[in-house]
Amino acid sequence: MIIDLFIQFIQMLAVLLLAPLLTGLVRWVKARLLRRRGASIFQPYRDLVRLMHKEVVLADNASWLFRAAPYLIFATTWVAASLVPTFATGLIFSWAADLIVIVALLGSARFFLTLAGLDVGTSFGGLGSSREVMIASLAEPALIMVVFTVAMIAGSTQLSTVSVFMLSPEVGLRVSLGLALVALIIVALAENSRIPVDNPSTHLELTMVHEAMILEYSGRHLAVLEIASSLNLLLYVSLISSIFFPWGLANANAAPAELFTGFIFYVGKLVVSGCLLAVFETSIAKMRVFRVPQFIGTALMMALLAALLMFVTRSL
Amino acid sequence: MTPLLVLFGCLGTLLALMPVAILCRRFSFVSQLVYVTSLMASSTALGAVLFHLLINPTLASSLQLPLGLPWLGAHFRLDALSAFFLAVVNLGGAAASLYGMGYGRHEESPERILPFFVMFLVAMNLVVLADDAFTFLLSWEFMSLTSWALVLSHHRQRGNLRAGYVYLLMAGFGTLSLLLAFGLMAGSGGEFGFAMMRAGELSPGLAGVVLALTLLGAGSKAGIVPLHVWLPLAHPAAPSHISALMSGVMTKVAIYGFIRIVFDLLGSPAWWWSMVVLVIGGLTAVIGVLYALMQHDLKRLLAYHTVENIGIIFIGLGLALAFEANGLNALAALALTAALFHVLNHSLFKSLLFFGAGAVLTATGERDMERLGGLIHRMPLTAFAFLVGSVAISALPPLNGFVSEWLTFQAILVSTELPQWSLRLLVPAVGALLALSAALAAACFAKAFGITFLGRARSQAASLANEVDRLSLGAMLIFVVLCLLAGIFPGYVIDAIAPLTRLLVDGNMPVQAGEAWLTIVPIKQSLSSYNGLIVMVFIVTSASLSAFVIHRIASRKTRRAPAWDCGFPDSSTNTQYTAGSFAQPIRSVFGSSLFQVREEIHMPPQGSTEPARMTLRMRDLIWEKLFAPIEGLVAATSARLNQSQFLTIRKYLTLVLVSLVFMLMVVALWR
Amino acid sequence: MINEAFSYDVAHMLAGGMLLVSFMLLYQDRMYGLLNVFALHAFVLSLSVAWEAYVNQSPHLYITAAIALILKAIIIPTALHRIVQRLGIHRTVETSVGIGATMLVGIGLVALSMALMLPVTDAADPLARQDLAFSLSILLLGMLMMVTRRNAVGQVVGLMSIENGLILAAAGAKGMPLVVEISVAFSVLIAFMVIGIFLFRIRERFDTVDVQVLDSFRGERK
Amino acid sequence: MNLLPFNSLIAILVVPLVAALGLVALPGYKSTSRLNVFACFLTLVFAVSLVLDRPPVGTLLFVDDLSIVFVILNTLVGFTTSIFSASYIAHELDTGKLNSTYVRFYHATYQIMMFAMNLALVSNNIGLMWVAVEMATLTTVLMVGIYRTPEALEAAWKYFILGSVGIALALFGTILFYVAAVPIVGQGLDAMTWTLLITRVSAVDPALINIAFVFLLLGYGTKVGLVPVHAWLPDAHAEGPTPISAVLSGLLLNVALYAILRFKLLMVANGDAIAPGPMMIAMGLTSLIFAAFMLYPRRDIKRLFAYSSIEHMGIITFAFGIGGPLANFAGLLHMTMHSLTKSAIFFSVGQITQVKKTQNIDDIRGLTVSHPVLGWGLVVGVVAIAGLPPMGVFMSEFLVVTSTFANAPWLALPLTFGLLLALGALLGKMSGMAFGKPSGGLGPVEASYFPMVLHLSLVLVAGFYIPQPIVVWFQHVAALLG
């Protein structure tokens, strides 16, 4: 019991600490790929600390919602992230929420983000929010469909159970798994506002989505939002890895050694995926906002196809 | 003193209010009197039915009055199903009365509302209580009639007359279809008692016809696509607490009608019924929310959302039918529980939202979101309540809307147990529709709340709005609390629904009360489980913790300044996103086919200073393709036939001669 | 008492005569001619009713015959003459359907009534059967006439020829109580009275009794 | 037992006649209208007393359970209508639309009409019944023409011509029946006495009475206003004085229907004759659907409700055509409800047209604002006639529809279609008139609301509670009707 609690706690802490690192890594690799020297991978931590100590400049008609939103967003994202097994399965609170809940938690984070974007009443905020909900309205169903597929295969929506099942030999190689993986990656790109859907490192109005929403934020609020977004990235990476690449996942009540190896594995996965992401982002161009729907729509279609395949082929 | 008698006591009180309201219409105290009394009566009734539902749900007490059909009498019955829906009805009624006590003050002609308000409550109660076809239909149509009168209470406003007309016409259509359905079930013997209908067996074909008729009848009242057209016209037209009743409660009474007939009276279902219901449900959900996204009239938006939620409920019902038809009773119970849970939830947050809209209406006199904005500063409590409602209806944890949707997803996930291929193909597609509608709902309420309450005021009225009175706020806060409770303690609700599922599909979900930490477990722990309480606690603690830590270790300094807006701040409020522009991306994705959206941008000629203009054209294809043709056909036919009414006497005589000769020939040939 | 066959032939002849006169009415297209022929129609009727009375020894039928003779053969035609004169419509050609077509239809109607009546009335005695058949055809022809006439007087005449057919039938029905004849006479009386009133009033307001003009165009006609 | 010194059956005939004479003699408006009301009331009392002591069956006159229903309904509506017409005619006098001689004539004719209708209902002799129906028709013709406007004259003329053709057809049918009956029952009055016919009709030659029934159906059907022989009805309703419209819709149509029912009984009693049901069903459905369509283009408020009368007569004929205890009960109930409701509607319409000074629907707006009682009265009336609960018509229509399931379920479809069609039209017109911004005359109403309120409350109560004796009575009659 105590161990379980401890492990849960460790995980929550781990994701919180590792998240900025992942972001920093991605930025660094991208910089290197562009033949730039690039900031150190620990730069995000410094930024956060600096932001935290700055004073907050609130727009005149910002409401209480504007001030509460960052913390709510952070909290929901963090809770979601801490429910995804990173290096050990069988988390004590895993039964409190299954995959669908995780999706919904991210949904509520997004909901408050869009509201925050609308709150000050600037044109950019509205622009960001409206585009965000458009993207989400396609990405979320796709995610749910992926969840369906996975749940069909593993016979459960509990993430721990799923990853344990994925470790077991009877998974086999399935078409629908492949489809679901691709769909999930596309959704992940969209939800983390990465290229080609959005560009986190620009303030060019034509391309902004995520940045436009948090344009009015400053100081600690901005810091919290930054942590939340890097948590989001981490969450998706660990989600993908724990479903499709669950190798090295330790069991919760395993020996410390196993846990440690599991942790090493996990960090390894983070590094690999971070590099892959950077390579991907540098190798393709940002697409126009109104081609995004087709892009995510394909994800939805693939996920739906995967789910249909599962529903038909299951119990045959 | 059985609950049923208490119930009838309350109904009697409400009925007695009607003449009072008419006779004392001159006095100012009457509106308070009526609302207070109806509040007390409804809450008493609520207590009675809750007592029945929680203490002895299995036994059904019935009552017969020497009214209605002479040789049949009026039968009333209180079983678990009716108790559940009565709880929904009377909860809504009580809250509406409370809200009305405050809201009614601003009413210029209360005599057009009060008598019908109480009768409306009575009618809805009677529908749920009725235990024979005649009483059922009488109360059903009476319910429509009284609500029609309420829709017309502001009959001088443009469009309300038409709204009322379309509404009552559709209601008549529904009643007649139900009448046919009951006629088929009663058979040649004309046994109109529900007990006898339960006993009777129908041939599969006839049962299918009855299902179709019930879908037409109950569905048209619930607002399934494409029979929903009256709903977004009528619901917003009524005063807001009536809108809340119509949207939050009356549609549920329609759902009750469907459940009562299809699950209870009609006997064992055939599997293909579920196909029909599922398809209708999925389409209704998505189309409803898409329509809602296109609205910028706050109340109409809410009305269209009712359509969406009805779709979700029908998805649950369809799944329940599918499972029951294949003898998977436990799973049927799961699906049915999901549907009923959503019935409860929707009645909660939809009433809440309509109350909020009503508050905005009283404070600003505006329903058009394009003229609102920034109300969160002027009316913070209303804003908070509306926010909670929005989160709940967008199916976001930890509020109640999510739980029922989660249960529906679980039911979809286990539908691989179904033997029929077509169902296995259909269900995930419906699941996708459900997920899509959920996401769109979130988008829609981000828009509804964001444009109405956030940003800067878009009109004088909005900038001068004041918080509404305490009673209205009280009514809203009650629902806020209920939404939260139903969200974090779903287990109790599920257990309360269990008797219904036992009654209807004789199966029930595992008892949730025993689960540790108030978790809910649809089938078994390893499959899936959800704990609203833990999620809630986690979110709250981590949020407050982080806030606390940051404020403690880092800065807490705050400075107010003009908005930055990328360096181009603009004082004019017109630069904000409007409801229309917020929905534009989604419109461009989904709207092109369903609404035939056409956007034309007229740029001013070179060098001229006038602004560029964009015109947006949208069409309601469902109306244009389905109802307008019928309208036209009737008009054309009657115009054509009307020519025959202005002939010369000679021609009429010819008519007589011809018909005489014709009939004589018939007789001649008959021999 | 004269023998059955002879009385039968006479009755047959008279009834057939009436039918013939109905045909004459049908192709009359002048007002005065129409009225004269109608007078003849009523006269034949009274003859046949009288014959029925004589054959069946039912004296009350004589009253009917008298009513028919006096009222229909003399008073009404003359009155209508007056009206026609006063309205100055005696010159109008007032059939609306071609004579030939009317005749054909008429013959068809007669055939129909024969086909209907002759087989069915075996139970009733042959005399009644004949009368029924003839009177039915007279009735139908009367209606046909009302249909084909364009103005009020023509239609009234048609109506009254229908009445004649009815009386023929009533007289033929053995021992039919007095009620009926009285009622017939009475109804015809009312008929004439009301028509008179109407024609008079119509004269006040319209310059013609053409029924087509009577159908005013209320706002409803579109 | 005999409560009265003389036979109340005679009384319901004598009272109107005497009253008619008196009304012709009496000068002055007030007294005559009072006498009119009083005479109607007296007739009503006697009619009700018929329930208590049933006079013996005579050769000419008789009452049975069927006719008593009609007689009481007839006299009741006649009574209330006389009350309404008192105030209505007063207004017509003030506005000079009628002068005193015409009013005297009007009242006398009113009584004669009542006499004729009662006679038709209690006559035991098919010939006498015919005479009575025709007498009623002709008197109403005179009433319709009473305003002497071109439209009124045209309406009366049309009514007269079509009516008398109907007369002729009905008479021919009657004669045929007699001829058919003679061989069995023997010559003379007996062959026309209904009570004798019903016992012996089974032996009558079916082929002859088949033809007879065709003529009777068309002949009396003209009075009932069945499509396609309905043409006189809308004009007559629209152009006559409104009380007469009420009487036409509420009573005369019923009387004609009563005649058809009597012959239907004979047809049924004779085993081999053609079944009258299908013909009545066909005509009923035609009338219902056709009239429902005709409701849409209406602009004249009285015409609107005239067509609605055709529609409901169609429903009733349909119900009786279906036959069987349930359908007949439904038919009787629907006929009663329709008489009460429709006359109530005409009461309110009469007052509306007087205060608004127009019959044009488009010029009548916002009644519930300008004249609340009238407006809501109209709303309730239309709601009732459209068959919405909790009014009595809902119950009867419920029964009519469900009764079809006993033997011909598919007939329920056209029936409900027609009902829905009519519902749509009536509600559309009504909501336009009752709600919205008031327009037209805003003057006060001096007429009494009593008749309208009485009828509507009766209909309302009947919607969910019918006293047991009446139910038993109706069920008995329904059984009689086979």
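By written order: A, B, C and D. Residues from 1 in each chain.
The rule is simple: a residue touches a chain if its C-beta (ideal position, glycine included) is under 8 Å from a C-beta of that chain, and two chains touch if they have at least 3 such contacts.
Just so it is clear, the structure is predicted and the values come from calculations on it, not from any experiment.
Visitor: Any chains in contact with both chain B and chain D?
Guide: Under the touch definition, chain B and chain D have C as mutual neighbours.
Visitor: Name whichever of C-D and B-C has more C-beta pairs touching across its two chains.
Guide: Between C-D and B-C, contacts are more numerous in C-D.
Visitor: Between chain A and chain D, what distance separates the C-alpha centroids? Give it in angstrom.
Guide: Measuring from centre to centre gives 78 Å for this pair.
Visitor: So what's the Cα centroid distance for chain B and chain C, whole Å?
Guide: Taking the mean C-alpha position of each chain, the two centres sit 69 Å apart.
Visitor: So, what's the distance in Å between the C-alpha centres of chain C and chain A?
Guide: 100
Visitor: Let me have the rounded angstrom distance from the C-alpha centre of chain C over to the C-alpha centre of chain D, please.
Guide: One centre to the other, that is 31 Å.
Visitor: Out of chain C, which residues touch more than one other chain, so two or more?
Guide: As it turns out, chain C has residues touching two or more other chains at 116, 120, 143, 146, 155, 214-215, 218, 220, 222.
Visitor: Return the residues of chain B touching two or more other chains; collapse runs of consecutive numbers into ranges.
Guide: 639, 642, 645, 647, 649, 653, 656, 660, 664, 667, 671
Visitor: Do you know which chain D residues sit against two or more other chains?
Guide: As it turns out, chain D has residues touching two or more other chains at 157-158, 161, 165, 207, 211, 297.
Visitor: Per the touch rule above, enumerate the chain pairs that touch, sorted by label.
Guide: Touch list across chains, by label: A-B, B-C, B-D, C-D.
Visitor: Could you pull out which chain B residues touch chain D in their complex?
Guide: 66-71, 74, 134, 137-139, 141-142, 145, 152, 155-156, 161, 164-165, 168-169, 172-173, 176, 179-180, 182-184, 186-188, 190, 192, 634-635, 637-639, 641-642, 645, 647, 649, 652-653, 655-656, 659-660, 663-664, 667, 670-671
Visitor: Which chain C residues qualify as touching chain B in the complex?
Guide: 96, 109, 112, 115-116, 120, 140, 143-144, 146-150, 155, 211-212, 214-215, 217-218, 220-222
Visitor: Name, in rising order, each residue of chain A that touches chain B in their complex.
Guide: Touch list, chain A to chain B: 52-61, 63-65, 71-72, 74-76, 78-79, 82, 93, 95-98, 100-101, 104-105, 107-108, 110-111, 114-115, 118-127, 129-131, 133-134, 136-141, 144-145, 148, 151-152, 155-158, 161, 203, 205, 215-216, 219-220, 223-224, 289-290, 293, 300, 304, 307-308, 310-312, 314-315.
Visitor: Please output the residues of chain B touching chain C within their complex, sorted ascending.
Guide: 639, 642, 645-650, 653-654, 656-657, 660-661, 664-665, 667-668, 671
Visitor: Of all residues in chain D, which touch chain B in the complex?
Guide: 157-158, 161-162, 165, 169, 207, 210-211, 214-215, 217-218, 222, 228-229, 231, 234, 274, 279, 290, 293-297, 326, 366, 368, 383, 386, 388-390, 394-395, 398-399, 401-407, 409, 412-413, 416, 419-421, 423-424, 427-428, 431-432, 435-437, 463-466, 468, 471, 475
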